[in-house]
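Next come two complexes built around subunit A: one with subunit B, the other with subunit C.
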Partner chain A sequence: MMKQFLTLLLAVVALSVPITAQAAPLRIEITEGVIEPLPFAAPDFVPENSAARQLAQDLAQVVADDLAGTGLFRQIPDSAFISQISSFSSPVQFADWKAINAQALITGAVNLESNGRLVVKFRLYDVFAGQELGGGLQFAGTQDGWRRMAHKVADAVYSRITGEGGYFDSRVVYVNETGPKNDRKKRLAIMDYDGANVQYLTDSRSIVLAPRFSPTGDRILYTSYETGFPRIYLLDVASVRRRVLEDQTGTMSFAPRFGPDGQTVVYSVTQGGNTDIYRMDVSTGSAQRLTSAASIETAPSFSPDGSQIVFESDRSGTPQMYIMSATGGEPRRISFGQGRYGTPVWSPRGDLIAFTKQSKGRFHIGVMRTDGSEERLLTASFLDEGPTWSPNGRVIMFTRETQGAGGQASLYSVDISGRNLKRVKTLGGASDPAWSPLQN
Partner chain B sequence: MKFVVRALILTSVLAVAACSNPDRFGDDVYLNGGGAAGVAGSVDDPTSPLYFQQAVGDRIFFAVDQSTLSDAAKLTLDGQAEWLSTNGDFSAIIEGHADEQGTREYNLALGARRANTVQEYLVSRGVSPSRLKVVSYGKERPIEICSVESCYAKNRRAVTVISAGMSS
Partner chain C sequence: MNTGQYISGIAHFGLIGWALIGGVFQPAPEPFDVTEVSVISNAEFEAMMVPTTGPSLETDLAALTPPEPDAVEPAAPQAESPDPAPVSAEPEQTAPPPEPETAPDVAALLPPDPPTEIEDVAPVLLPPTDAPVSAAPDTSPAPKPRPVPRVAPEPVAAPDPEDRTDDIAQDQAVDDSTADTQQDQQDRTVEEEAATEIVTEAEQGASHAPSSSARPRARPVQRVAQPEAESTTGTQDAVRGALAEAMAAGEAESPKPATPSGPPLTSGEKDALRVAVQKCWNTGALSTDALKTVVIVSVKMKPDGSPETETIRMVSASGGTSGSANQAFQAVRRAIIRCGANGFELPSEKYDQWREIEMTFNPEKMRIK
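Our next item is the complex of A and B:
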C-alpha cells in the first residue's frame, strides 16, 4: 500500500496538478501558490480510557489549529460531520466524509496510563482516494508534553500532504516587553511556536536584546546590559545558567549568531566607535576578526553549510547587505534596490536571504536570492524588523512595532509567499523573535 | 490494515526545566540604562553633577544617520570639557542614542559612533580618556516617545552622564 502512495505522490509532483475539489490526490504544492485551503476534518481523538477524555479533545484541537494556522488548510467544523469516529481501528466511512468535502481526515486515539504516561496514535486518510496516506504513527511521553505530541501529529500531516518538513514542534525565544516606550523593561522569554507554554529566562533588570538559538535549540545567545555595557551571553535553556561570552573592557559586543556547527559564533564588536564582525569558537573562546573597515559591519548570519556569512554594512554610505567567506575576505554586495537593507538572515534551505528594508519612511520584511535577485517584499508597516525563519524555511516571524507614544511591539508571521500575515499570540509586548529548529 | 508503530519517547524535560509559573523572577526592578535620573547635587552648586546636567548641558543632538558635531554641539562640549577639567574628581559615561528609524543592530552601532565622536572631542579639549567611558543604547532608551521628527531629533543624542570618582 505504501508503494502505491509513493507512486501517487510522484505522479503529482510531475504533473503539478493544482488543487481542485474532487478526484485530485491529497497534495498541496506550496510553491504553486495555494489560494484555496484544503478542507480537512479532525474529529476529537478517541479516548481509550476515561482519564484521556479531555486530552483527546484538546489534542485534536491543537492539531487542527496548527494546520488551519498555515492558511493552507481549512478545518471543517464538527457540526458538519455526518459520522463520528468512535473507534480508532474501525473502518472509516469514506462516503460520509466525502459528502462534507473533507479531503483529509485525521483520526487519533489517546491513552493516559495510570503512571502518567500518555500515548497518542493517529492516522491520516485521503478521503477521496478512500485510503490511508502514510502509516499510522504513535507518540508516547509524559502528560505535560501533550501539546508537543499534537504538534508532532500536525507536522506529520503537513509533511505528508505538502512534501515539506513541518515546523509546529518548535519553540520561539523572544524579548518580552512591558512598560511605556521611554521606560521599557525587557526580558528573555521562550514559548512554543504557537504562543503556548511561556517561560521567562531572565529578569528585566537589564536590557536584553536579540536572542538566537543554537542549531540544536539547547543554548541561546543574546545581548544584555547586565554590566552597564552591551555584552554577549550564552544561556543554557534547560538550566537557565548563563555566562558572558565576550568581555573585553572598553568594547561593546552584540548581534551574535551561531554557525551551523553550534560551536562557532559570529557577532559584532564596537571599539573606538567602529563596529566590525568577529567570529569565536565558544569552547576555546578564541576570536578572530573578520572585517576591518571604518564603516559599520553588523548583523552577521551564516549560510546553512557554514561556508559564507551575510551581513549588513554601511560602507557604501547606506546600510546594505554583503556576503563574504566565513573566514573573512572581500565581500560582495547583494542588495541594490532603493532604500536601506539590514538584519539579513540566511534561510535554513540556503536559497534565500530574509531582511529588513527601510524605504520611503516604511519598513518591510523581504526575501531575495543569495545573488540579490528576485527581491520580494512580504510586509509593509511603520516598523517591521528582525526576520527569523521557520525550521522548514516557509514562514518568517518578525517584530512589528506600532507608531506613536503608545507604540507597542508584537510578533507577526508571514509565509514567504507574502500570504497569511498574522499576529503571534504572546503575553504582553514582544520583539526580536528567534525560531528554534524542529525539536527531536 | 497494519498499524505501523514508530514510538517516540518524549521525556519530561520537553519544556524548559522550570516551574510552571512563568514569573519565577518576581518583581522587576529597573537598575541600569538610560542614565541621568536622580542626578546628585544642587543646580546652584557649580561643582555638582546636577549643575553639569542643567547649566552646562549634558547632551548634544545629531542629524539623521550622522555622528558629526554641529557648532552648537561643539559649544556644549566645550563647556563639558571645561567643567570636567575643573572638577577632576568626576568621571563620565557618554551614552550614544539613536531614534527609532533603523534596525536595532544598526542603531546600536550608530549610537556607538556618536558616543565615540563626543569622547574624541572631549579628549581633544584636554579631558583624560581614562575618565571617559562610552556606551550605546541604540534605540532602546528614547526620551521622547512620539513618532515624528520633533521627537526623533531629541532622541538622536549623546548624553554625558557624570559619576563620582575616577573610572576604574
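Our next item is the complex of A and C:
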C-alpha cells in the first residue's frame, strides 16, 4: 500500500514539472571584447551669468583634456554635435548624442557670483542607456581655483565610468633642470598633474634630488647637496620652510620616502663605504637601522599598509629587488629576471611594484606583482628611470633622458597596461617626479 | 802673393763677421703669449677673499617663486656633484670597447704535428644525452601586431583615410533606378584599425632571431615494439560504461526545464550573435576590479532582433565588489544596446528560441592582452 502511494506521488510530481518550468532562455558566453577609448561629449558648460562665459568654456575643456589624456576616453569634437546644451536643467535629446556615438555626455553650468565665488555643477549621462549616471554634483570655490574644480569634475566622471578613483586633482613635485649637462642647475618645482600652475620651492644654488610627498601631500622630503654632501631635508609645502632631517657627521643620507602614517621615514645612509637602510620617527628624530649587510641597500619604499618595505640591494652580485618587514629582518628576493633592477615603488593599491630595469643596454619601466610574478616591461629607451604612481595606481610617471651631450630629461607617463605613453608638459627639463595623493 | 793673402784674409774675416753679427747662429725668436691683466682695488680684493655663505635654511615662497624657468641664476656655476646613491641604473658608456688585438698568424712558423696512426674501426656516433633543443623556430612566428589604440578579437587593417569608421562595416549603396530592389543610399563604412593585443613600447623591438645556434638533431632511435602489458582495464572500462549508462538513464529520468518549441539555433547562429555583441563590449575604460567581474545579464528581444533595452538586467555577478559589478554591467548594457540598435542577425523563424537571452560576460581574457 505504501509502495503504491509513493509511486503515485512520484508520478504526480513528474507530471507537474513540465507545466511549472519556465521556458529556458538562450544562453551564450562572451569572453572577448574590444579595448578602445570610450567616446564622450563634453559641450561647453552653460554660463549662468555673463561673467562666467569664458570660465564655462575653459572648465569644459580642462575636463575633456583630463579624460582624453588618460587614453581611456575619446572626445567627440563640438563640430559633430547635432544638438546643443543651452540649459543645464533641460532634458537631454539622447537620440542626437547616440547618432554621433557619444556613449557618455557631460553637461555643466558655471556661475561666478559677485563676491568672486565660483560655483560649478555637472551631470553625467549614459547616452545609450538613456539615463543619468549618478546624481548631479556641485563644487564651489574661488575663481583662481577653477582648474581644481574642473579636475574634480573630471575625477567624478572618471570614477563613475571606470569604477576606480581619479587622479586629476593631484600635484607632482619634480626637479626642474636648466642649463647644459656639464653645468646643470636643479631646483625643486611643484605643478598640477597636467603641468599647470608651476611653482618653485628651492633655488638652484645647490643640487637637489629625489623629492617625495608625504601621504597628505603637505610636506616633501628631498636630498640636497647644500653642504657639499647629500643631506635629507623636510620641507613644508605651504610655508616653504624646511629643516635638515638627518645630519650625522661623516655620513651621507639620501633616498628618503615617507611611510603611510606620515610620521615614519625610511632612507639610506652611507657610512664607511657601506650603505644601509634606516627608518626614523620624524617627530622624535630617533633612527633605527633596518639592514646591516656589507652590500649596498637603498631605494626603500613602504607597502600601503606600512607592514613591509621593498628596496634595492646588490647582495646577490647585481642590483635586485627585495622585500622585508618594515621593522627589518631577513629579506626575500622578488626579482629574478635578466638585468639590473632598481628604484622599486609600491603601488598605492598594494598589488604591484614599479621599477627601473636595465637590460641589454636599454632602460625600462616595468611592473610586477609583489611576489615577483607577472613582470611586464612598459617602456624602453636610452634612459628611463624613477617611476612614481598616480594616486589611483593606474598610471606611472617617470624620467626619460635623451642621448648625447644635448640630451635633456623630461617627464613621461604611461598606463599600467603599457598604453598611452606620453610626455608630460613641463617648463624646461624635468626629472625625479613624485606624484601627490589626491588633494582635499 | 801678399795681395792675394790680404784679399783672402779680408774675405774670410768678413764672412765670419757676417755670420756672427748677421744672426746665422741665433735661434729664431719663439712666439710668446700675451695675457691681459686688469688692476683691481684693495676693496675688490678683500671682497673676493670673503667666504661665500650658503643659502638660508628658512626661505620664503614669495622670494623663490618669481624666477622664470629660463632666467639666469646669479649664483656662480657649480660643478655637478656625483650622485651619492649607489647607482644601479647608469646609462651605458657610449665609447665603444677597444677591439681585441688579433694574435699574429704563426701557423707557418710552427712545426707540423707528428703523424698519428688511424684506427681501422670507424667511430660510433653516440646519441646526445639530452634531447637537442632547436633554438630556431620550426615555423615563422606570427607577425607581431603594431601598437594601435584599439584592441579587438580580430585584427583590422588600417582603413583608407577616405572611409568612415564605424562599428559595423558596410558597403556603399547609391541610388540605382534600374535595380530590382531599391536600397537607401549609404556611405561605405569600415571598422577602426585594431590589433589583437596591447603592444607596449618595450615589446616593439623584440627580435625573433634565435640567440644561439642549435645542436644537430640526433638520428632517430630504432624503436622496438614493446609487448603490451596485460590489460587489466577491461573490467574497469566495463564498470565505467555501466556507470555512465546508469547516470545517463538517471538524467533522462530527471525533470528538465521546458525548452522552446521549434528548431534550436545552430552553433553558427549563436557564434554570429556572440561576435555581434563582443564587437561593442568595450572594456578599455573599466577598472581592474571590474575586469575581474563576471556578469550574467538577461535581456528580452523584439522579433526584429533588437533588444528591449528596459529589460536588460543583471542576473548575477561574481569575482568583484558590488561597485565593480555595477561598472561592468554598465559596459555590458552599452554593448547590447549599441550593437543591437539595428537588430542582431537572428533567424526570425526561431524567435521562440531567442525571445529571451542570457549572456555571460567573462572578461578574463581582456585583463592584459
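Keep in mind that, in the parts below, the second predicted complex is superposed on the first by the 406 of 440 C-alpha atoms of A that agree within 3 Å, B and C clash if a C-alpha of one lies under 4 Å from a C-alpha of the other, contacts with A are read in each partner's own complex, and residues count from 1 in each chain.
What we mean here is this: a residue touches a chain if its C-beta (ideal position, glycine included) is under 8 Å from a C-beta of that chain, and two chains touch if they have at least 3 such contacts.
Here the structure is a predicted model, which means the values were calculated and not measured.
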Partner contacting more residues of subunit A (subunit B vs subunit C): C
Tell me which partner A:241 touches in the superposition: subunit B (first), subunit C (second), both or neither. second
Check the residue A:152 against both partner chains and state whether it touches subunit B (first), subunit C (second), both, or neither. first
What is the contact status of A:138 with respect to subunit B (first) and subunit C (second): first, second, both, or neither? first
Between subunit B (first) and subunit C (second), which does A:183 come into contact with in this model arrangement: first, second, both, or neither? both
Once chain A of both complexes is superposed, is A:126 in touch with subunit B (first), subunit C (second), both, or neither? second
Now for A:207: first (subunit B), second (subunit C), both, or neither, which partner does it touch? both
In the superposed arrangement, which partner chain does A:255 touch: subunit B (first), subunit C (second), both, or neither? both
Between subunit B (first) and subunit C (second), which does A:197 come into contact with in this model arrangement: first, second, both, or neither? first
Once chain A of both complexes is superposed, is A:346 in touch with subunit B (first), subunit C (second), both, or neither? neither
Using the superposition described at the top, list the residues of subunit A that contact subunit B and also contact subunit C. 178, 182-185, 198-207, 209, 225, 228-230, 239-240, 252, 254-255, 268, 270, 275, 296, 298-299, 312, 314, 319, 340, 342-343, 356, 358, 361, 382-383, 385, 401, 403, 427
Along subunit B, where are the residues that touch subunit A in the complex? 1-18, 22-26, 28-34, 67, 93, 100-106, 108-110, 112-113, 115-117, 119-120, 133-137, 140-147
Touching residues on subunit A, where the partner in the complex is subunit C: 14, 17-18, 21-38, 71-73, 98, 101, 103, 126, 128-130, 133, 161-164, 176, 178, 182-185, 198-207, 209, 223, 225-230, 239-244, 252, 254-255, 268, 270, 275, 296, 298-299, 312, 314, 319, 340-343, 349, 351, 356, 358, 361, 363-364, 366, 376-383, 385, 401, 403, 414, 417-419, 421, 427-428
Across the complex, what residues on subunit C touch subunit A? 54-55, 57-61, 64-65, 67, 69-70, 73, 75, 77-78, 80-81, 83-86, 88-92, 94, 147, 149-153, 167, 192, 194, 198-205, 255-260, 265, 270, 273-274, 277-290, 298, 309, 323-324, 326-328, 330, 333-335, 337-338, 341, 352-366, 368-369
Using the touch definition up top, name the residues of subunit A that touch subunit B in the complex. 89, 121, 123, 132, 135-142, 144-145, 148-149, 152, 178, 180-187, 189-190, 197-207, 209-210, 225, 228-230, 237-240, 250, 252, 254-255, 268, 270, 272-275, 296, 298-299, 312, 314, 319, 340, 342-343, 356, 358, 361, 382-383, 385-386, 401, 403-405, 407, 427, 432, 439
